[in-house]
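As written, the chain order gives the labels A, B, C and D, with residue 1 at the start of each chain.
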Amino acid sequence: MNTKHRARLLVSCVDQPGIVSAISTFLFENGANIVESNQYTTNPTEGRFFLRLVIEGEALEQKEEELKTAFQPVADQFQMTWKWSFLHNKKRTAIFASKDVTCLRELLYQWEGGNLDTDIPLVISNHEAGREIVESFGIPYYYIPANKDIRKEVEAKQLELLQEYEIDLIVLARYMQILTPEFVAEYPAEIINIHHSFLPAFIGANPHKKAHERGVKLIGATSHYVTDDLDEGPIIEQDVGRVDHRDQVEDLKKQGSLIERTVLYRGVKWHLEDRVIVHDNKTIVFN
Amino acid sequence: MNTKHRARLLVSCVDQPGIVSAISTFLFENGANIVESNQYTTNPTEGRFFLRLVIEGEALEQKEEELKTAFQPVADQFQMTWKWSFLHNKKRTAIFASKDVTCLRELLYQWEGGNLDTDIPLVISNHEAGREIVESFGIPYYYIPANKDIRKEVEAKQLELLQEYEIDLIVLARYMQILTPEFVAEYPAEIINIHHSFLPAFIGANPHKKAHERGVKLIGATSHYVTDDLDEGPIIEQDVGRVDHRDQVEDLKKQGSLIERTVLYRGVKWHLEDRVIVHDNKTIVFN
Amino acid sequence: MNTKHRARLLVSCVDQPGIVSAISTFLFENGANIVESNQYTTNPTEGRFFLRLVIEGEALEQKEEELKTAFQPVADQFQMTWKWSFLHNKKRTAIFASKDVTCLRELLYQWEGGNLDTDIPLVISNHEAGREIVESFGIPYYYIPANKDIRKEVEAKQLELLQEYEIDLIVLARYMQILTPEFVAEYPAEIINIHHSFLPAFIGANPHKKAHERGVKLIGATSHYVTDDLDEGPIIEQDVGRVDHRDQVEDLKKQGSLIERTVLYRGVKWHLEDRVIVHDNKTIVFN
Amino acid sequence: MNTKHRARLLVSCVDQPGIVSAISTFLFENGANIVESNQYTTNPTEGRFFLRLVIEGEALEQKEEELKTAFQPVADQFQMTWKWSFLHNKKRTAIFASKDVTCLRELLYQWEGGNLDTDIPLVISNHEAGREIVESFGIPYYYIPANKDIRKEVEAKQLELLQEYEIDLIVLARYMQILTPEFVAEYPAEIINIHHSFLPAFIGANPHKKAHERGVKLIGATSHYVTDDLDEGPIIEQDVGRVDHRDQVEDLKKQGSLIERTVLYRGVKWHLEDRVIVHDNKTIVFN
């Protein structure tokens, strides 16, 4: 299917009669066919309504501005918060990595295989570990040493690159550095992290060591948006794998990394497909 | 939430512009709010379109006939196949059981717990095994001995009961008897069976024995609609569980029965919630 | 297989050369064949060694005292901690229940199906909810109202019953009352609880409410031995199920209860089969 | 842990009293400590007995010949089939690949991460697709075009390479070519294949197409030893993933490849650790 004639529309507003009728009639009258639709309401009478549509139309990509302008009155009528994504404009993703390149590698291979609908203009890392693999994809690799004492300078350099490359999404692929509130504020709900535990269990550092000490029988991973509260951001996806008494901390790390790469990949994929909406520090995921 | 003011609408037709607009505008004008919506198209330009809506409205249950009549012209315009379910009218389910009552028990307990939105006016069995449990729920239990030599007579008695009790759905909870094409024809896509394997592996009798002989590492279960071709009907749900070389046929049966009860429960639940549409011997399941 | 001629031997001691040789030679010389064997060592040179054997022999059940006496010198040589279980003597299990009978019911049905190798001489509950189902199995049902103000008196009555019925294992099947340290001390590693979360996430009361607030994408359950620290005892088994943004607290409870019944059943089954050894507030589970 | 002082012993024989005693006493007297032990018997009185031991001893690697010679009388006494693996001698694995490199890549990365205890002296492929990744690991890449018309010549070249490089295990990482019985006979239970379905469902070509046509709700993968009967060899490992009505054949392929890489990795890992024993066209997997 040719996706260049497609767009996605995300809408949220107070739930009330007539929303779907108004939007679908608008789209019909503007020559756009609805090919996917998901909706959710926190409560049909007084709650908040969320809608995700994928639409398709002849030469839709040429009508982007026209459609957006024409939609404004519909949006105003229901006091909508709304966002259009036209698929001929790919989102631009920066990956932040560090020493462990398992997640970085997975994202690059899934992207190469056509499973992540994005451009990846650069990778930033505080280690050289990922350079060879990243450059083999023709992607620039920026090595910026980082530690907590030079956080501000490091972030200044990073922000400059992110702006230069017009980045829409930052993926922390086991980046392991804490970001300042100022940095996070620049990309609200646009930074995805992978935490190597089943949150909220084992918040913070060394989750596999803590998991081993507690003697859990499953270990997990969580992909979530980054907020100012460490490991407290809205959860996008989680998964687990089975371990037993024979597994030492090192074994948990190895097995955990295979869960992490999948959980991060899914979170990033769904974000890029505009399936994830943040509401009340939680996510609505339209799958 | 009070579900008596709710209805579900299932629609399918050739995909074409304006369907959602027409339906949602119709509903809006008739005072019905859309609270759930799922759609699927086999192809946006020439394929078949499927829609499931849950709607809510003040005193909706009193407007059943009015709404159905008013909807007819919309349906005609797009040559729709359509079905209304008003939630104040519960579907009526008959359970067919035999000796192994694990699935029967699960359905009754899930029903008691409010997880199956149906009435269960009777249970029919060719064994006495389930009588005590069924009657403890105040449900009539009909013991009708059955075997392949008396199939026609047995089915005649069963059909009489099903008609007397105005049954909408028949669940074969490990009933183990083959139904004649004549019987199946009376309830198209309204008979759900549980097969004790991951279909299409191990079609037919003794799947656990075959699974043991083949040395599989997972065993499964499949809930599906009954058609004339044994074990070939549209699959609604499947799941699996892990086994190993130590498990004998008896162990597979025991472990399998825990998978079966869950897979059958899900299939029945989704059918009762009008989430399952049969198309081309496959199911669309709107979850 | 006739299990009455079988016994299980659990051994732990400092790891050192010759243990398996000594034990297996002892068994061979005493006419007992090893039919299952599992071992684990925290470290082969200086760690702790754990062994579980299932043995079989002609008229083994008649040689119980003789074998135990003869084994003493072997045990002494390696300063073993050891425990024999002769299968002709079933363990005796008391189930403590409350209002939600899902776990209670599962244990009774698994027991009826031959999957829990135990006698169940009584059920104690602070609600009448389970009486009918329990008595239908011919098991005495003791209704003992309980709350935190009368904890001591309640436990005194319970302990009296447990001693009268010679109970080896107590299963808290969603009992929901906290036990005093004095009670717990009477049954060390012999009280199994089911916690309705994936521990250590959501310790304490209302885990489903907390899970809903945090917006997790999986919910879990944990069976563990009860110690003085609430929800901190050694974990036997855990499992999870998938949820999404549409699930309210009530939905999590319903879906959670299906995970809980399975996780509790497995924990109890493994304990009864002497597969679980507590070490260092964790469990070794020989599956 | 230093594994060079370790060895594994696999034994099978008719079950009879005294086997474990004889072996463990032999090991104790020869200064070898048992650090892992697994056993299985098809029947304790007349069946076949299987044992896997991991042993450790000072300078064990220098006593290889001595130990093997000394063990012979013990083996003879019980008419054992037996195999020693001394861990200082790594098994040598050849990977056969083709166009889809997902499985090839996974094996190389797991190997790089220390999770596959083997040498990989070469990769053979009938496509150039994997050359860059393979050579980046310093592993020779042999491109040998293959199709069914030149099977004999191709296999002659392959066998020459396998013998030159002294290969112990061949992994077909989506190699997609059928091997002749003559080739298979050279490596009995030493060729592991990944089949892209949950066997025995969808035997043969195009399993994802068949799965799509049947409308299954889970797709799977199977790693198995290659025998003369296509897709009928002993199953080592299987796993599945969830799909739905929206997934087309291409989607099943993409999702399937993530299951395949894991299922093949596990099968290869377990084989390399001598955890897999073939018996009666099934596997005993000691995990």
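Structure notes:
The rule is simple: contacts are C-beta pairs under 8 Å (C-beta built on N, C-alpha and C of every residue); 3 or more make two chains touch, one makes a residue touch a chain.
Keep in mind that what you see is a predicted model, and the values were worked out from it rather than measured.
Chain centres here are means of the Cα atoms, and by that rule the chain farthest away from chain D is B. Taken over every residue number at the interface, the positions common to chain A and chain C amount to over half, indicating a same-residue contact. One finds 37 Å separating the Cα centroids of chain C and chain D. Centroids of chain A and chain C (each the mean of its C-alpha atoms) stand 42 Å apart. The residues of chain D never reach two or more other chains; the list is empty. Taken as a graph of touching chains, this assembly is fully connected, with contact between every pair of chains. Interface residues of chain B facing chain A in the complex, by the touch rule stated above, are 15, 17-18, 20-21, 24-25, 27-28, 31, 33-39, 41, 44, 56. Listing the residues of chain A that touch chain D in their complex gives 102, 105, 109, 113, 115, 132, 136, 254, 258, 262. Of all residues in chain A, those touching chain C in their complex are 40, 198-202, 214-218, 220, 234-240, 244-246, 281-285, 287.
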